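Right after this note come the structures.
Consider the two complexes below, in which chain A is the common component and chain B and chain C are the respective partners.
Entry: the complex of A and B
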């Protein structure tokens, strides 16, 4: 049983899914919902894949380029979405992602509709270093002034503005950070799966990431991480039913959100785990004194 | 002169919510704004803080024209708006709520992620938060979440946060709504205390006893028009003002 989970490909995918879930979570923590995230991960994958495989450039350079392009595209999403609100902004990002998919199809150098073969460079340890760095960054973000600012803007744009916060700047920033992480996920995806095609980055991919965040819990980053881990493992168990994946995800969202609207891992859960460790730490300290 | 509203107008689809209103608020005074429901009081505040854009007219603050500025820049100049319907951010403690301010020496952007950056300023800010919470008699509740605070305390905390954010002019929109008599007493004490520290207060209030007790000047709006301005005593005796209020009672 355990051996199917320890294949390099599975470990890569798990890390990539976690990265992708967190990349969607960050703009949502600032009150922005991106249906266009599939386009962002696709941009990172395509650009980095083309750089290493077609141009023969070194991987680190391609990785940085992939992150930068997705980050910039994310900021563009945000800036355009700012003109409208909530659902309208989300749909706007979806339209942009569709444009990206059409563009991928139109480029002959990367195989058009067929896609192209990328040199598999990535090893699981590289993905997991990326995951740990991003999680560390996000953890710091959540527990900083900037994280509180995001939360304030999510609750009320109007009130945050009258507190002197430049809400436009912070929204674009959140999308930029999320975009960079989505780009990184794309870079790893391209160099791990090693075959990328436009259809890999269609809307279903965003739906998958939303499932991670909604089922896991959208209040903290641990929800996104937990959701990605849980569902990636779950998918391995129902591998026979790959075609039913979106169906299963849909049912899961409905069931979980009905019984636990905040997702499986709530902020309160995270706090109690934190308190538990503080207590253990205190106990150990008292013992050693 | 602190706040200078000149000929300000705003209409919503033909209904004129604020109709050529000019009001001057002097530095250090407590200026009341009263009027029947729908008189345009809240709209006027939203125009000042740029939550809404005025159709015409101008707003000056300490000699700066703020008419074209976005909301957050108006806030940074020192105009603090406490909404009638807003509450504290529910997922943060009272203390953390006080730290959500864009107008302090501590950077709120990407730089704030560096652990050692601006430690000193942050310490200063936290010191200031403790000071202000003490002033509002809330220091014992600093680690409480908003849901653990009474309604009155939550409302007063919003004013405290505006003070931490460096406001010198406070736009208070019905701060006493929903408060009991004791909380209202505390509120008026806080407001008088703030004035003593040199702050200016522009306040919308339905509780006439509160507003008559603390205001230096009162402006009366009715159907978007300024109908009277004077001391509390003059306002209480003005025929037009009484008619506006009694007319509302009959209708």
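Entry: the complex of A and C
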């Protein structure tokens, strides 16, 4: 049983799913939702894949380029949507996803509808270094001044605007950070799955990440991570689930949002784990004194 | 050239039909019904099931598909909207209806397969001679269907007390409830009507394209959201104008640019519109307040 999970491809996929879930969690921590993360991950994948395979540029350069383009695209489209209304930012990212898929299909250099083969450079340890760096960054972000600002905007847009926060600036920033992570996930995806085609980045890919974040819990980043791990393992365990994957996702989204809107891992859970470790630490300290 | 303009108008009338379903729920009630794209797909698949598999007559299929649409709309409302709309964020009903859409896609994929499902009606290739150009009969039927639906919907919203109640609930659910309206029931009725329009447009699209497909909603159905935004939130005339502009733009793109860019054109137009006119073509600022 265990050997199924230790294949490099599965480890890559798990890491990519975690990155993707966290990249969607960051805008949602600021009260913003994105329907277009599939476009962002696709942009990262296509640009970096084209740079390494077609132009022969080094991988680190392609990785940075992939992150930058996804980040910029996320910021541009959300900024235009935010000119009118929060919900419009989500619709604009949907536009981004649709335009990106059409563009991927239309570019002949990357194989058009058929897709193209990318040199598989990425090893699981590289993906996991990326995941750990991003998780560390997100952890620090949540407990920083910027993270608290995001939370204030999520709780009440009007109050935080009244207190003098430039809410649009912070929302666009959240989309930029999330976009960079989605781009990184795309870079890893392209260089480990090694075959990318436009249809892989269709709108419903975003829904996968939505399910991770909503089922896991949208209050802290641990919810996104937990949801990604849980569902990736679940789908690998239950073989018949592959055909009914979308069905399971649909049921899970409806049930969780209707009956446990916070998701499985709430902030209270995370704090109680923290308190548990504090207690153990205190116990150990008393014993050693 | 004339025939291309007419083609644009025909496609625009189809888009108007798709958009009206969205405009009711998104524009009037301010609820994102992302499952509408899949209800649209469901209409086409129901058409395939009844016309191609069961060989039923069209006189029976059209009302049956419409009833199926009402059922789908009411189910969407009951399972995805009734509870979650109280959360106060536009995103919660949007996510649950996405979930319902996934269930529909998955059902169709697993039962009917992922291949295109052919729909053929006797008058599929009939051409009608008008002046010195000829048009497919199907497009003309689409055009008149959407005109009829538009007229009935306009009368319903402006002329009947139920339509007035619908607009009142969209304006302010709490106050309308205080004044004695059953807001839940009115939302349910609106979803039913929207589902009816959704499956009807799906059936019409399926007959026009000659095939249904599990991923129809993702490409064609989602354009409805885009057109509502272009037209302006809450404005039915705006949505219809946007649909005709969109239909013309797609036909012109296919001729003067390249056919492979067609699916992106509407979204590019939306990008440009929101860049220069954040409220859409005919939107008003107070209509936007309905969205959380």
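Heads up, the rule we're going with is that the second predicted complex is superposed on the first by the 281 of 289 C-alpha atoms of A that agree within 3 Å, B and C clash if a C-alpha of one lies under 4 Å from a C-alpha of the other, contacts with A are read in each partner's own complex, and residues count from 1 in each chain.
Here is the rule we use: a residue touches a chain if its C-beta (ideal position, glycine included) is under 8 Å from a C-beta of that chain, and two chains touch if they have at least 3 such contacts.
Note that this is a predicted model, so its numbers are computed, not measured.
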| item | value |
| --- | --- |
| Touched partner set for A:280, first chain B, second chain C, both or neither | neither |
| Greater chain A contact set [chain C / chain B] | C |
| Touching partner for A:173 - first (chain B), second (chain C), both, neither | first |
| First (chain B), second (chain C), both or neither touched by A:238 | neither |
| Partner chain in contact with A:54 - chain B first, chain C second, else both or neither | neither |
| Which of chain B and chain C A:117 touches, first, second, both or neither | neither |
| Contacts of A:164 with chain B and chain C, given as first, second, both or neither | first |
| Chain B versus chain C as contact partner of A:99, first or second or both or neither | second |
| Touched partner set for A:258, first chain B, second chain C, both or neither | second |
| Touching residues on chain C, where the partner in the complex is chain A | 32, 79-80, 83-84, 87, 89-92, 94-96, 98-103, 105-107, 109-110, 215, 218, 222, 225-226, 229, 258, 260-261, 263-264, 267-268, 270-271, 274-275, 278-279, 288, 291-292 |
| Contact set on chain B toward chain A in their complex | 49, 51, 70-76, 80-81, 83, 86, 89-92, 96, 99-103, 106-110, 112-113, 115, 161-162, 165 |
| Of chain A, residues touching chain C in the complex | 31, 33, 77, 80-81, 83-88, 90-92, 94-95, 98-99, 101-103, 105-106, 202-204, 207, 210, 214, 243-247, 249-254, 257-258, 261 |
| Chain A residues touching chain B - in the complex, by the definition given at the top | 137, 140-141, 144-146, 148-149, 151-152, 155-156, 158-167, 169-170, 173, 219, 267 |
